[in-house]
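The following pair of complexes shares a single chain, subunit A, combined with subunit B in the former and subunit C in the latter.
Showing the complex of A and B:
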């Protein structure tokens, strides 16, 4: 393994592996490229369904794939305006914190069987879920800090939806835990490799998870928080320049961590590919997990082309009625299946 | 209205509706029916009598202000322009009985307010407005857009001057299809 790096002392190798993991794949660089791709895909897919072309004129041959790069360059030369009534410290620092917390769950989600020597944990599922649930608190604070009616209403909507959809989400994860009987995600994938993917063992939990993810990341049927035709951009209304680029990227990075968790929990992670070592046990299985979660993300952003927006009251009612019942049914199904199988 | 309720679907019907919607979306995603015109590269050929931009022929205009009066959107403003004075009369020649006017009134159209009703073109007693078949106009800067007398004397340049002219045709599969002009004629 890694014989081409013979000049590096052996004791440094784990550190280098961790650095590669955090910075390049599936960490920082991969997430950045993926965010660029998924935003382009979202706009392009919606355009195809709605009889348009989508982004086209920046690099016409590739179908406008570097449109977002052009936008980012434009953002970086704009002025960053801080409103007079805004609470300075939260207003300026919360977007960065939000970005950090949206990436953080990926640390606890393994992408290969040999992940345990990078981040050994028996409670990785619990940690990943706990850190995804921190994000909405910062979002509410951010909407409060901006001192703008649209931001404030967006933050209030986030709080309403938070209490209605966090419960089904936690129930879906709990039914996955009940199904596999473990909180270690590496073990969970091992169990799925031995039997069937989780989406076949407990489809109800997968459906509830997907619905909760659509809500949590504000994808289209539930884009009530951002709602660009009612609230300008929800809690992010007052942000301009590069800071706007940050807050615009946050839901997509959130989507990435949720999709990664979905592919590990329900799509049997790196299932066909296993191995040991850095390359065979982390990178090659990692690519499989990554591709699976990209497909999940593509499906979730594709919904923009099909659905209109739900009303707030309908979304809250759905969250406390049929989604909640479905989550309870998923819990029951998990209990039955786990009793039958093992 | 409060006692009216939308008919409740069965749970099965709702799930089927969602699946149908997703299937339709996916069908269009795989096989798109695009209706967009690739505008600067190709432009639609419009009917001949479609009213376009017009210019002022300065020699014909008598400054009667009828166009300003008739304009329903107040897009026309009469400007007062200085008249170049005729050279001083030579010795011996008879001096003009009355000196000519020092200013002349000329109309200027603000294209941002014009609704292209052509009332001014119709009302002009000397036919001083020259209509054209240019229908599109674009500016890079706001200063170019401000109406001036000099700008009104010549026709604006169309951004689709060199583009391929197409004709919109109804199409059973696509809805609208664009064909190159002269295909069917």
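Showing the complex of A and C:
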């Protein structure tokens, strides 16, 4: 394992591997690079549908892929305005917390079979889901802290949608648990490798999961929280400069962790590629998992070009009616399928 | 969700009572807001339900009426176009018809036909713009981009005809400024076929979109009786089931010659207001085709004005079809009197009232625009709906603040 790093003592290697995992590959650096790609893809794909160019003039040769970098530079030179009535500490620190908590779930989601000796993965599904569920709480607090009516309404909408779509989401995850009989994501992928991908075993759970992800990350048609023609920018209305960049990036990072979990739960993760060691057990399978989740992300951001925005009361009603029933049906299906298969 | 008409007048007493009541939040949507346009919408919400809406108009008042009292008759033409920038031909036409009634002249039939063609092209552009704004207010950037881009072939047509892209000032007292270019009919046909194909895409992505249906069906309902009582005009009135169109009821230009229908819908909700614009685009296409087919020969300017042209001007007109302004045309002084005219603009009936005291400037000019008359939708239809319905109703009535402010 990592024989090329011969000058480093063997006892340090697990630490280095974990650092690499958290900071570089599925972790921080990969997320930043992916954010560049996915925001570029979203704008470019929508532009393609809408008969225009999209980002182009920042690095024309690459099709404007570093547009986000240019935007970030611009943001960083803008003034960070703190409204007079805002609650100072939450207003300033919550975006950072949001960012941290949207990155954290990626640590608990394995991208390769050799993950379990970096972090013990017995309860990785539970931990990943638990950390994704923390984010909305901060979002509601952030909307309250800004002391703006539109932020406040946005936060309330988030709370309403949270309670109505978190239940189907948890039911979808629970039906995955019921299907595989394990909370260990490495084992879950192993089971899928042996039989079929989860999306075929339980398509209902996958659909409910995707709907809940669209809701949680504010993709169209569920961009009800940010709704620009109604609420300016929802809970984030008062943010400016680099802080705006942070809060704008949070939904994309959330989207990444949700998609990573989706590809592990339902798309059999690193399925065709498997092995041991740092390279064969983590990096190569990791790339497969990563590509799968990027495809899921691309699908989710493309919805923007097709749908208008849904309405709050109808979304809440849908969340408690057909999405909920679908989630219950997914649970039932999981019970039946797991009974038949093993 | 039916709306009963609330006849409580807007007074500051009512307002303060509302503010005193507990649990009511006052929202100032605009004037710098993505969902307000050039106006401010004051909305009072109780929970998520709107209890009162007060449209605060006047942010883009340009003073067209007063300014025109200080100008020659012909110089008011570019000004009357300004309020409704996406429907300039109809605005221009209404003013010129009022002026012609003052002058007591009747333009030649070819000029009348050209006026109809340009006015219908303008109507198509106006409706496309309305669909675009409706799209972006409902959160669909795709339909916004599409509809704005699909105005382009028609802008190009009028650009070829007049040289301008937005304010054409093509219609003048006695006729029009340019005759149609030679292959204009073919180019119009190309543009119309393009739009016909595009309308199929709109139907797929926008009109039959389940989210659009869920959000706009039954939202912002106004019955036929209430619509006539509140005096709303244009496609919005027809979407409520009232068959009223100035082109049919009080024909002007050459509209009496054409065979077209007035589409109406019974529902009177936001969705039918979207559908009616689509249907009217189809009717406009049919009118343009009929007009191009039956385009009469002859001059495009009033015979008397042609006679008064200098030999050079006549030569230019005969060669290029371009009307040079004679001194007679630039310094019109109609006899003492008053005249009114009505035209059916893209957003509804436009009303013009012109008073002459025999001088070179209008003594009084009054302009009533359709957007202004559609304001009751804010005060009477929006209350009782959810907060998220405000942009939907706003977008569906195709309200254009500069037009209302004049």
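Here, the second predicted complex is superposed on the first by the 342 of 342 C-alpha atoms of A that agree within 3 Å, B and C clash if a C-alpha of one lies under 4 Å from a C-alpha of the other, contacts with A are read in each partner's own complex, and residues count from 1 in each chain.
Going forward, a residue touches a chain if its C-beta (ideal position, glycine included) is under 8 Å from a C-beta of that chain, and two chains touch if they have at least 3 such contacts.
Model, not experiment: these values are computed from the prediction.
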Comparing the two partners subunit B and subunit C, which touches a greater set of residues in subunit A: C
Which superposed partner A:24 touches (first subunit B, second subunit C, both, neither): neither
Which superposed partner A:53 touches (first subunit B, second subunit C, both, neither): first
Partner chain in contact with A:307 - subunit B first, subunit C second, else both or neither: both
Touching partner for A:291 - first (subunit B), second (subunit C), both, neither: neither
Touched partner set for A:153, first subunit B, second subunit C, both or neither: second
First (subunit B), second (subunit C), both or neither touched by A:200: neither
Which superposed partner A:130 touches (first subunit B, second subunit C, both, neither): neither
Shared contact residues on subunit A - subunit B and subunit C: 49, 51-52, 305-307
Contacting residues of subunit C [partner subunit A, same complex]: 25, 27, 33-35, 48, 135-143, 145-146, 149, 205, 209, 211-212, 214-215, 386-391
Contacting residues of subunit A [partner subunit B, same complex]: 45, 48-49, 51-53, 302, 305-307, 322
Residues of subunit A defined as touching subunit C within the complex: 46, 49-52, 149-150, 153, 220-221, 223-224, 227-230, 232, 304-314
Subunit A-facing residues of subunit B, complex: 11, 21-22, 24-26, 28-29, 32-36, 38, 175
